[in-house]
């Protein structure tokens, strides 16, 4: 059995409310909150970035796994906001986690699904007997142009998933659906991403998630009823609610993963943070559908079944509890924290 | 053999825009020679204290440079720059003292010189005196190290920010009568308390300014001194000690072990006790440094430094006048020159030439500290 | 500057003290010779969990810098993010310390936050 052996998360403690952003741009807070279903988003401290958050999440995953870091044979960090355009984040993480020098390593980019792609690679490497454990981390300090709609949701966070044998949650199956769909992109040297507006909906998010989920269910014989939980990439609260209903999942089945309302879209960490929130409470034999989405575009679908081993696993500091420890800041501090003013 | 100081000279300290590094030394050196009544050709060696001409003005190898511009190039005497951060001056003095005491040379100059105001950020350069890898890297600078010490001293012994302010006030008041001082205006405790924080709890007026300046003293052996000098001042002891470099390694950050070691050695060699000192020039790069020096030099018990300043004991007229010149705070801190300037001011006191700052003194002590205390030089002089 | 920073990466990313096997003393920052034992000493790295107590601190250039004491007696100067007083308990976090200009390398290291 191969799957998730441990997981760790990190959410920075600062928050900015939708009201504070609408105040600057003279928009209506209630309308925005209605449209997006998001109340506030997480903001990193001035000295935090994708690498620092990835290390914090990775440290939690390793400490709860109770394994020696040197046993980790691969590290992949997926992000759209790597601190360097050239020079991997994953080596900084590897050094800070103390994994030694003998490990497979690369940074991944596939918009918000880079870390689930990393999970698939780690899964394959473990299955092939190449490594004992593989670590995939999604971490982002999401960029958004000031005044753009994305500004309300572009947030910061990290999630780390350790893959290996004897898991607390088995990866029963995984499938990907990929196409060349330019829904959201950032050109080299451009500071902020651009997007296709409404084009990011059906041709992108919904199409890829639905195709990947349906393929997974057809190929491996699942129906929606076989899953106790479903978690999708969360760019806002509306999209995952809608795609859940399209796939036949009720509000209850997605509720435990819907942290986007309180922290916004953490990009590469988004679907994984949702998964971790569910793992915080899921019981043995319960099954989770995880479908990520990365612009450009693609979705990775996983059928994950919780095992007995989760009962021995230290599920302290739950994601929903971490969300509550926060400090609200105003727009000026937000700009300073994001290093947009120095 | 016994060593005496036969001549002293100093420039004023301050932001001396018109003076270059090379020209700075001239007036100090020439006054020292005139004061001693000798000509340049009598000088056998020159020891120059200078912290960082390399960083301040991009010039190294400055001892030879200064010797040349002081007119000594024809004599080809040995010239060396001595560096121990802001204890460079005191350390240069000790090297010159040892050269004469050992009989190696009969007459030597100990000088100090620093030109800081051409640099964009002099405090950055002074902060190279702390541990660059493990203190500077995490965001500390020299004021921050002293601030950390100050906060703990306040927490443990009840020292107040007002006590530190009184030290700055005292030194400014003394400097009113010092024509060479950078700041000759009185300030009040309120002025100090209202000045902005540099590194909490230390404020702008708790910190000595970084200044341009040069000072020089001429040392000779006793035999020569008696022959040519009316008022030789004798060096009873000149000691130096080092300590752990970073405050991370000091067992008790409220005690400067280097000061304790150097001063105990000095008292022993001079055969005196702390209470025998009549006047002292003490390294007040920060007001807390002067307060802790009261304790580490043995003028007050550990933790009771504040008592001395509160009771006026270190004022002119008090039991142990400290920094009658105005100290680093009001004279200005020309880094490498400070240690020599302290000697100059004590010699003026011991000779009875201090006019309105005069105290009745037979034994004087100078304390020059490098950085956050890793180096300390103690000199005891007598008339 | 690059090699100088690189040489210390191991000691900046985690809290690693130097331990002398001869006398049992712990030191920070890393050193090669035990000041008590000198050549009779035997120093090796010992990584610690990064929890400590604030001995003193200052605020300079908008940053809080504290002297933190670990259980084994070693002390570390580091930036602290959050509200502290003398005696506060703190734990390590991985943060950015600075960069060598906009086009230079980024310096990462260990800072501390109060344990709530």
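Each chain carries a letter (A, B and C) given by its place in the written order, and its residues are counted from 1.
Here is the rule we go by: contacts are C-beta pairs under 8 Å (C-beta built on N, C-alpha and C of every residue); 3 or more make two chains touch, one makes a residue touch a chain.
In this text, all values refer to a predicted model and were calculated from it rather than measured experimentally.
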item	value
Category of the chain touch graph - line, ring, star, complete, other	line
Identity of the most central chain, Cα criterion	C
Distance between the centres, which are taken as Cα means, of chain C and chain A, whole angstrom	32
CA centroid of chain A to CA centroid of chain B, Å	60
Per-residue multi-chain contacts in chain B, two or more chains	none
Multi-chain contact sites of chain C, meaning residues that touch two or more partners	79, 97
Where chain A touches two or more other chains at once, by residue number	none
Of all residues in chain A, those that touch chain C in their complex	45, 47-49, 51-52, 55-56, 59, 83-84, 87, 92, 95-96, 98, 325
Contact set on chain C toward chain B in their complex	4, 8, 12, 27-29, 35, 55-61, 63, 65-67, 74-79, 86, 97, 107, 109
Chain B to chain C touching residues, read off their complex	131, 133-135, 137-141, 143-144, 147-149, 151-152, 155, 197-202, 244, 246-249, 253
Residue ranges of chain C in contact with chain A within the complex	9-10, 13-14, 47, 79, 81, 93-97, 105-106, 108, 111, 116
